[in-house]
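Each of the next two complexes has subunit A plus one other chain: subunit B in the first, subunit C in the second.
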Partner chain A sequence: MNIPRYLGVFAVLVVGTILTYYAATVDLDFIFPGANTLVALLIAFTKMTCVMLFFMHVYWSPRLIWLSAVASFFWLAIMFAYTMQDYLTRDIGVFMQ
Partner chain B sequence: MSAHSETEKFHYHEPGLQHQFEDMQQQEESVSIGMWMFLVQEIMFFGGLFTAYLVYRSRYPMAFAAGSNHLDAFWGGLNTLVLIVSSLTMALTVFYAQKNNRNMQVLMIVLTMFFGAVFLGVKAIEYTDKFDHGLVPVAGWNKRVPAHAGESHAAVKPCWEVDHNAPAEEHPNPRGEFQFTDCSLVKQAQDGNYLTAAERVGYFSNGQIDGNKFRDKVRIFYYLYFVMTGLHALHMVIGLGLMTWLLITAWRGRYNEDYYMPIEMSGLYWHFVDIVWIFLFPLLYLLGRHFMH
Partner chain C sequence: MTADYSGTQKLNYLNNGFTLKSWLLTKDHKRIAIMYLITISLFFLAGGIFAATIRLEMLTPASDLLQTGTYNKVFTAHGILMIFFFLIPSIPAVLGNFLLPIMIGAKDLALPRINLLSLYIYWIGGLFTVWALLQGGVDTGWTFYTPYSTTFSNTYVMAVGLGIFINGFSSILTGLNFIVTVHTMRAPGMTWFRLPLFVWAQYATSLVMILGTPVIAITVLLLAIERFAQVGIFDPAIGGDPILFQHMFWFYSHPAVYIMVLPGMGVISELISNFSRKKIFGYEFIAFSSIAIAVFGFLVWGHHMFVSGQSIYAGLVFSFLTMVVAVPSAIKMFNWTATLYKGSISFDTPMLYGLGFMGLFLIGGLTGLFLGAMGLVVHLTDTYFVVAHFHYVMVGGQVVAYLGGIHYWWPKMTGKMYSEFWGKISAMLVFIGFNLTFFPQFILGYLGMPRRYASYPEEMQVLNIFSSAGASVLGVGMIMPLIYLGHSLIYGKPAGDNPWLLPGLEWRTSSPPPTENFEVMPVVTWEAYEFGEDSGLDLEAARAREAAKV
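Here is the complex of A and B:
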């Protein structure tokens, strides 16, 4: 890594932040409800990937570091998915009323 | 005595190498994996809060949007930029340690601390604003605004017609309770027919919008806001502590191209805290912006 590259990553992060704000002010619900949140999260994931790969040097790290980073999001996804599988199905099905 | 000197003579240690490691590479990889294991646990720690956020937002999206629209996106966005700059200076601290440049290391650490402090200052401004407007979700922890005798406009109007920009006297808060009187988004969602099943139960009494029931759902948003940003701010304070230690050791010239792991590891922590904020900003400050017209 050299300084121009660090500044390049920084520029991507700043543009991402401005884009996040701008995208939030436009009503995207005509695409599908919640499209705004999806766009916001996609930008956030892109920013996070930039920070992790270049600022946290994961790109040049051993495979074990890559595995740890990816696994943490895998466990997080399990927590979200199994929790929501309960909450999103509470008002439907044989147990309702 | 002589045998000991013999081993000393032939067993060369690099200056930064701890005796339990074979060489610098093994030491650096061990240190890294230890730090990453800690960060993975931090992700799960914040993940629990994000799960709570996910559950309640999926049930009461309008309460979350209404609550979010009373946060100031300017301060939130400014803080995002401040943290990104501090992440850059942190990354450059590592860069200059690898280049044996002590003065630039010290300068970059000072800049990182400065931007970290700016972040906390902005948070203090925001928390004060919430305190003044009765948005702290704990009864008695808000500013007390005495009620004027014979005046209660806010109570008479239906909650979806309350003017939230009205002067403070129209929102008396003698006991410093959590107050949220604007349910116009519920009205909007009811007219547009996009309330969730939980909302149709959670905001209404006898078919009418119930301002008190709605306020309590907004209160959930503000609980999550304060716990998530509060824990994040706590991480920033701990980060500033780490930076102070780095500043002292870097000032003494402790770090060079052969030994800079303390800077690299503190950097990982600092960037992690930045990443948490990258998610908190859109999820707390911007989620209801597109409903504002």
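Here is the complex of A and C:
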């Protein structure tokens, strides 16, 4: 990848940072509660994908490296999912009692 | 030091340079392993001294030797040193580092400089932690649970946390190095299903290391952010949740149990098969059970949190998955037992440790199921039953396997044989002392004695005296190898290249191995644990050894 393309990715990251700041100043709860967090996470996820694919060269790497990258997200998903199963069911009570 | 027929000294990794610089700047995986061995032994000694202090305090019902606050710091220091600086790195960093490249027919690990960097990071993390412990220590327990580590902390939590944070990178780099090495450095003919099971176990462990360790680093970082920037993460007073800490901590720390015990299982697979002189039963099942343990190990962390306030539905899922993760461990136990059946068993020192592991890990594993059952655990949580359970797994499993592995590969690492007599005495003392120390703790826990208290009711003293007496026997058993293995370095008989007459690649190079591991790159044409004609073994010598045993 040549330098102009690297600069292009860098520009995307800078724009993402500015967007994160801007999104934090606007109350998005009118869409649904916690929408601000979701927007911030989406921007962060996009930025991270750019870093991984281009700065860390995953885009040009063999399939095994792709598998490793996907596996790390899968593991992150496990952590979030199993933690959330606690938070989302904590207030239900014992057998709906 | 070995000599060839002309009488000149053969160059090996030990005599290839004697300066301090030649050791501190080495990229040779074997020298790095030896430096790990020395450091890890020192941490084990320090952790052992703290353990001895705990058992001395528990001799009497009153807290008379230590004040309660000091007692908290002592058991915390014991846990931190033993877990983060001994158990986790011991087998991978010492035996894995030394043997993994040799067992797959490689000259070195794929990333030798990264390997040296891992050692330096381990040293820096260790020194930092020891400094913090000496400054005043930590009283939170090795788990750093909030709010002990946040709101109510008045000890060196962040300094010790930083030491563990730094040390984590050593684990990650070692795991990464092993994975790359197994993928890219295998000798011609060394297919995946010809890999020794020790290598499979190291590979599975490495997966857990690189997937899990970053999470503990992030958790410590979040702890620091909350303490220094007052961002509400774990403290409910500022919008956090203390149970979130437990989720994140155990997401790493339960798989860390498998970082500790999986390599031990790899050692045991080698010992059981080789000292039964029989191809291991169900090679593929054992190999894949290591991977299954690595994967399922990530799905069960909530069983540490049944009484924490975690949702009962989450508890149900974690309880079920805890039963599931017992299956691959059971596969290994059954296959080892089947390997022993009609084997030509030698009761050499490493095998005594191997058999000891099977008995102790069986008890440790089965009592784990007690603690995975949601009803029973309400009674047993935070009692000595838990202490006994995890010591049966960690010490009875991992430490015994580590000692077995050290004795097994000592002749290869040093070129010298140790005293079999003292080795056997030591192995038996460890087994007896261990059971005397920890079995009474199952009963104490069942009777309701809570862990982490310096005092206890008088009616529990007899069992505590048994436990402390056992600890002294165990201590003697653990110190003995230091003496006779050290003695063997100077006075031991030359071991020869293949003292146990085994087919593995590590036994087909000289003892100690040359810097490049093999004088000629090996080509593997035999299956793992092949004791027949195809293995290229000196069968006559093997038969003579069998006859001598009879």
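General observations
Everything below uses one rule, namely that the second predicted complex is superposed on the first by the 93 of 97 C-alpha atoms of A that agree within 3 Å, B and C clash if a C-alpha of one lies under 4 Å from a C-alpha of the other, contacts with A are read in each partner's own complex, and residues count from 1 in each chain.
Basically, contacts are C-beta pairs under 8 Å (C-beta built on N, C-alpha and C of every residue); 3 or more make two chains touch, one makes a residue touch a chain.
Just so we're clear, the structure is a prediction, and the values are computed from it rather than from any experiment.
With subunit A as the common reference for superposition, the partners subunit B and subunit C occupy clashing space.
Look at A:I78: by the touch rule set out above, it reaches subunit C but stays clear of subunit B. Judged by the touch definition given at the top, the superposed model places A:I31 against neither subunit B nor subunit C.
Contacts of A:T89 after superposition on the shared chain: subunit C is touched, whereas subunit B is not. After overlaying the two complexes on the shared chain, residue contacts for A:A44 are found with subunit B alone; subunit C is out of touch. In the overlay built on the shared chain, the residue A:V14 is in contact with subunit B alone; subunit C does not reach it.
Residue contacts after overlaying the shared chain place A:V70 against neither subunit B nor subunit C. When subunit A is checked against subunit B and against subunit C, the one touching more of its residues turns out to be B. Annotation: subunit C segment clashing with subunit B after superposition, chosen from 219-227, 345-353 or 381-389, is 219-227.
The contact surfaces that subunit B and subunit C form on subunit A in the two complexes overlap at residues 64, 71-72, 75, 79, 83, 87-88. Those residues of subunit B lying in contact with subunit A across their complex are 29, 32-33, 36-37, 39-40, 43-44, 47-48, 50-51, 54-55, 58-59, 73, 77, 80-81, 84-85, 87-88, 90-92, 94-95, 194, 197-198, 264, 267-268, 271-272, 274-275, 278-279, 281-283, 286-287, 289-292. Taken together, the subunit A residues at the contact with subunit B in this complex read 1, 3, 6-7, 9-10, 13-14, 17, 20-21, 24-29, 33, 36-37, 40-41, 43-44, 47-48, 51-52, 54-57, 61-62, 64-65, 68-69, 71-73, 75-76, 79-80, 83-84, 87-88, 91. Across the complex, subunit C meets subunit A through its residues 183, 211, 215, 243-244, 247-248, 251, 298-299, 301-302, 309-314, 317-318.
Interface residues of subunit A facing subunit C in the complex, by the touch rule stated above, are 64, 71-72, 75, 78-79, 82-83, 85-90, 92, 94.
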